[in-house]
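Letters A, B, C, D and E mark the chains in the order given here, with residues in each chain numbered from 1 onward.
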Amino acid sequence: SDDDGGPSASGAAGNFPETPKWKFSFVNHVTTNPFFTPTQYGMEDAATLLGLEKPQWTGSQNSIVAEMVNATNTAVSAKVDGLAIAVVDKDAFRQPVDQALDAGIPVVSYNADGARGDPGTNRLAYIGQGLYESGYALGQRALETLQSGEVAGFIATPGALNIQPRIDGAQQAFKDSGKPVTFTAVATNADVTRGLSIIDAYAVGHANLSGMLAVDAGSTSAVGQVVKKYTMRSKSLKVAGGFDLIPETLTGIQEGNLDYTIDQQPYLQGFLPVLYLYFFKISGGLMAPSETNTGLLFVTKDNVAPYQNTKSRYEGSTTDKVLVPRSGPIAHG
Amino acid sequence: MGKALRTFTDGFLRRREASVLLVALGLMVYFRAASPVFLTRENLINIAQATAPTAIVAVGIVLLLVSGEIDLSVGIVAAFAPFLLHFAIDFYGVPVLLAFPLALLIAAAIGLLNGLIVTKLHVASFVTTLGTFFAVQGLLLITSHAYPVPIPEEMRGRFQTWIGAGPWASITWALIIVAIFHIVLTRMRWGLHTISVGGNPVGATEAGIRASRIKIGNFMITSALGGLVGIMEAARINTIDPNIGGGTTLTFYAISAAVIGGTALAGGSGTIVGALLGALVLAELQNGFNLIGYSANTIYLILGLAILVSMIANQYLSRLRRAGRT
Amino acid sequence: MGKALRTFTDGFLRRREASVLLVALGLMVYFRAASPVFLTRENLINIAQATAPTAIVAVGIVLLLVSGEIDLSVGIVAAFAPFLLHFAIDFYGVPVLLAFPLALLIAAAIGLLNGLIVTKLHVASFVTTLGTFFAVQGLLLITSHAYPVPIPEEMRGRFQTWIGAGPWASITWALIIVAIFHIVLTRMRWGLHTISVGGNPVGATEAGIRASRIKIGNFMITSALGGLVGIMEAARINTIDPNIGGGTTLTFYAISAAVIGGTALAGGSGTIVGALLGALVLAELQNGFNLIGYSANTIYLILGLAILVSMIANQYLSRLRRAGRT
Amino acid sequence: MTTHPLEVIGIAKRFGALTALADVNLHVGRGEVLGLIGDNGAGKSTLIKILCGFHRPDAGTILVDGSEVTLKSVDHARSLGIDTVYQDLALVNELSVYHNMFLNREIVRWPLLSNRAMRRRAEEHLKDMGVNLPDVTVEVAKLSGGQRQAIAVARSVYSDAKVLLLDEPLAAMGAKEGTMILDLIRDLKRRGNVSVIIIAHNYAQVLDVCDRVNLLQHGRITFDKRATETSLEELTDLVVAEYRRRGAD
Amino acid sequence: MTTHPLEVIGIAKRFGALTALADVNLHVGRGEVLGLIGDNGAGKSTLIKILCGFHRPDAGTILVDGSEVTLKSVDHARSLGIDTVYQDLALVNELSVYHNMFLNREIVRWPLLSNRAMRRRAEEHLKDMGVNLPDVTVEVAKLSGGQRQAIAVARSVYSDAKVLLLDEPLAAMGAKEGTMILDLIRDLKRRGNVSVIIIAHNYAQVLDVCDRVNLLQHGRITFDKRATETSLEELTDLVVAEYRRRGAD
């Protein structure tokens, strides 16, 4: 059902031929998580650029795999033109992906791609940065300033597939380093306000923490606030860091309460899959999607300013279309 | 002929479940009009698979609600049961056909614990099962290391298909279970006593009904059904995930299905067929709007409004029904 | 002297809230023994801040439960209210001292809607508020783009401190609200009629009590309190996050606090001071075990067992209390 | 023609297919006690619930002091001076004796309830009715059947109603307490302007206190005589006749 | 010394500070109908609830057919042949008339309930009691007060109990229905080996059906006479005396 059917054809984009108004579907594990707000802008922008319909954003709100499988199957039933799936479980999506491929629907994975070393599915390509790897990076970065002591890793919902691999990765990084670091995973809460209280309590009970890491947006900003509240930088705390770029986290970085936060460039995780699926469709499958590491970016006190001063679609902080100016040399290694 | 039809219509309208059924059918018509693929075989399978787990858990929830209790832990028992299966098979080499009833038995034992605390120590079931919810979640996360595992090799093939992976497997189970417990609730002593215990706790005891036994039994049934759903879903999605059931999500949906179907939170009255239809309504709503292509944020607004409209229609229909009753 | 003490003790033990209070105190003793920092000023602030939001929402929930209804949407109203404040201030330039009551008013309007659907259209409150839960969540996510914003500049400073950011601000609010509604429930007509409507719906109507008015009022109170909590928490965490309240988490905790405090899910009986103590017990448990430093997975097991043990002790104490009553 | 405090004409009420009341015409005069008797399920309570605004009649007219009214709610009927003791008592188990006794006509010193005043008055009332009760602060759930009924009766009898509707107010009362309540009713009557409709199955009591007796049968009033013109035997015959006749076969 | 179907010695029961029963000694003979009278709140219902296994006594002995038993539950008492009509009727509003009538002694054709059989028997029973009821399949919530009581009475009277405890079984019954139930009780007595303890406030009815009358006062049985040896006046005097005396002051 490639070139027949589909809604009315759109005007050609750029040098590309006229195409039907293809509709792609993104299946996500935490549909309402702010992390993926830029992803949704990314997929929307790519679709607009290419004259496609705005892709559907669906899946599960609480990383329930069965709901994601249902959403995937429904999308296949609805005969969408392409699928991007966050493959948070290597086994669950094998069959749905095969079914989609059998039905002629191209499938890529984004943000998560099965387990480490085992994608599990037969998706055409993966666009993103592994959750586990990003967690590993979180730990490695901490190890640059930390040789020993107690480290707490905060996780809002243990067992939830969007963040559990990150904390596993971080733990592994400490283990691999062989340094005398004790790493403790600490559960916070789906409710950010409750999470803050829990991190606060943990800090009160563990005055000699040398590291505080977090693997979700809420916990990360809360770590910053707790560090500030107890002026922990002036005590034994060597390192504090986490994920995502929500405003309070950026404030924490800027004020020096947090050392770094990891930006997984979620915008690209939405933009590129649309692009790849479009290329696949437009070329009759000749242009196969390619594996793409969307990378990860450490935001530190040095480079936090532009994130704070500009609100952009690329970080999710606004819906406005903005041209973010920059000047001067680009930092490099 | 006309009379036979009339008798049939009357008989149908006299049933309590009639109004929810009409709502479910109305939604079907609406979504078929909105999307031609709604009634294709594939999509009906989707709807069936989304209906089944909620409906099965709702069966237990109806029994509990009718007897005046509630169980928040059933969703986490659903997540725990397939891990029990996995431990038994992969670590202890128990054959799958033994491991399966064993897992259900352990699930039922959690229900027994709930029931004993509620009836013997008189702790409210809401807090009791909140406690077991957390405790079992802890056990689950500790033993599973909060990470999914593939389903055991031994489970694959016939057992997997038959228990949940077959396209119509889970809904078949659901229909069988609904049929059995519909009879239990409406045509057997157990059901009569369940209604009595919830409807008039003092009166039931005065009549010599042993309320504890009934309640404990219903807790065990609910937990066992939760366990079954967990294993069924693991088989269907081909993985054993600590987040099957999404913590309280499954429980929540099951309670919603029960209430939509006409079960009162206050106890003493409920219908199991209604709960099945309630689960169907929820599944249709979720599937239909997804099929139409609404995205996450919008879908909640639509879903919320659709629930309100459907339930207002439901009430209106059932008032019509009661008014027209002879 | 001894006699005065005895009278006091008797008077204390006669109160329904006595057993939960003993549990709360028992936990305090236990945690103080386990960790010397438990009773430091900082940690007490922390406990206070964790207690307050649950307690305030629980006040509304108690009123609703006592009158025989429930509200699942209050947690999402809590998330919505600070965004309303943000929209009013940052987009429409409304001064904060006007925007604040405005946000509470809109929150109360959601309660009004719930109440009208429940009492006039006779839809069960569980499904009604499930519907508004989803609908408001949709609205929230659409308008907020599912992304947190910093609190408005105008809010910072005095208002922020006073409404929630000050160390003792939220608990002070909580205590004031608990005190007011404790009096409303136990010493005013509204409370008497709330109990009547939940305890004997037919009887209350026979006595000429207008059940609808009472229920609608309680829905509005609950929603408004939810809105207040949302704004309070936004001020405290210094950011307006669509995830404040965690969907149903806040509601869930509030219901738990109410039930732990001694409110019956079945209606007709409840205590607001008890709910405050229930919230305190929950906050102590969460705080204490985190202070001790249990790791992620273990803490759920411990928490679950602790809830069970505390509640069994609670029941035991209140049976002692009743037996010893003169 | 004199107007009556309460009069109904052609009242009908159906529950689904069941016709509880077909065509009821009835009145009670000022300061009069009207006894309403009839078989179980005859529709007596249904009639009372229509008169007090709880049920809406399917047909018929209600006249209060001669003017037609549509009773919108129990509250509305109350505001017209009509107060009721229901057969099911309408007590809230969770509330104390004195709160039940003043339910929806609480004594208030705004904004608070005057619990002390209500407590004192409740104690007085119960004493006047000869009911011993350990303590008016206990929840009514714990009371005996007769104690419960006494509270429901006190609630209405001590209201300032002009028309009292009493649905089997003595059913659970002991011999002593029953006697005392009848004395109270006589007292109200003596003081003049309170009208009472009382339902009872104990015809001796009915004749003892009532001025007039009506029999409700087949949805209609089929018998209306002054108490002095009838007798225990006539009433019993009227009602039990059918059974005795059958028994004699 | 002959053994009685049911005898109690020294029964005491306290609720908190309130002593409901201080020291009750009572028995009922085979085929005997014992009337139990007393003021409201005297403890009659409490005594009945002890005899049927619902309450546990604080002190005292219960003898069934001469041998001491500890009644563990209502079910246990039932298995010993003791069946009860409670003052609160113990009906489940949500269930139909016939399900209520056979509650916990359902007719079962395993595994299913024999609804048809129960329906038929329920209709028969109600007819025998002179109660008209439109339909035995309606929920009892919708019934009139007397109809409800009839169901509760039928539940016990038609059980195969050896000892029947009837707590004000006629309170809400109409004159006709009351008469018929009394006839039924006489019938049971005539057939021989059913013993009955009946609580009632209508002494005419008590004297009509009972062989012996006991008065419960201040937690004790203070009066025990054969019905033929006492009279309506004596009983009334006994109970109402105090009030009349006070009234005479």
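Going forward, contacts are C-beta pairs under 8 Å (C-beta built on N, C-alpha and C of every residue); 3 or more make two chains touch, one makes a residue touch a chain.
Chain identities (UniProt): B, C = Sugar ABC transporter permease; D, E = ABC transporter ATP-binding protein.
All of these numbers come straight from a predicted model, not from anything done at the bench.
Steps from chain A to chain E, taking the shortest chain of touch contacts, total 2.
Among the remaining chains, those touching chain A as well as chain C are B.
In this assembly, E is the chain whose CA centroid lies farthest from the centroid of chain C. Set against the C-alpha centre of chain B, every other chain centre is closer than that of D. Per-chain CA centroids place chain B at a distance of 48 Å from chain D. Between chain D and chain E the centroid-to-centroid distance comes to 27 Å (mean Cα coordinates, whole Å). Our note on geometry: chain A versus chain B, Cα centroid distance of 33 Å, whole angstroms. For chain A, residues that reach two or more other chains under the stated contact definition are 32, 61, 158. In chain B, 141, 146, 296-297, 299 are the positions where the chain touches two or more neighbouring chains simultaneously. Along chain D, residues 17, 88 each make contact with two or more other chains. Taken in their complex, chain B has these residues touching chain C: 68, 70, 117, 121-124, 126-128, 130-139, 141-142, 145-146, 248, 252, 255-256, 259-260, 264-267, 296-305, 307-308, 311-312, 314-316, 319. The touching residues of chain A, counted against chain B in their complex, run 23, 25, 28, 31-32, 40, 54, 56-67, 69-71, 73-79, 89-92, 94-95, 158-161, 164, 168. On chain D, the positions that touch chain C within their shared complex are 54, 73-75, 77-78, 84, 86, 88-95, 99, 103-104, 106, 108, 111-113, 115, 155. Chain contact summary for the complex, chain C toward chain A: residues 35, 37, 40, 42-43, 46, 49-50, 53, 137, 141, 145-150, 233, 236-239, 241-247, 249-250, 253, 283, 286-288, 290-293, 295-297, 299-300.
Partner chain E is touched in their complex by these residues of chain D: 15, 17-18, 37-42, 44-45, 87-88, 130-134, 142-147, 150, 168, 171-180, 183, 201-204, 235-236, 239-240, 242-243, 247.
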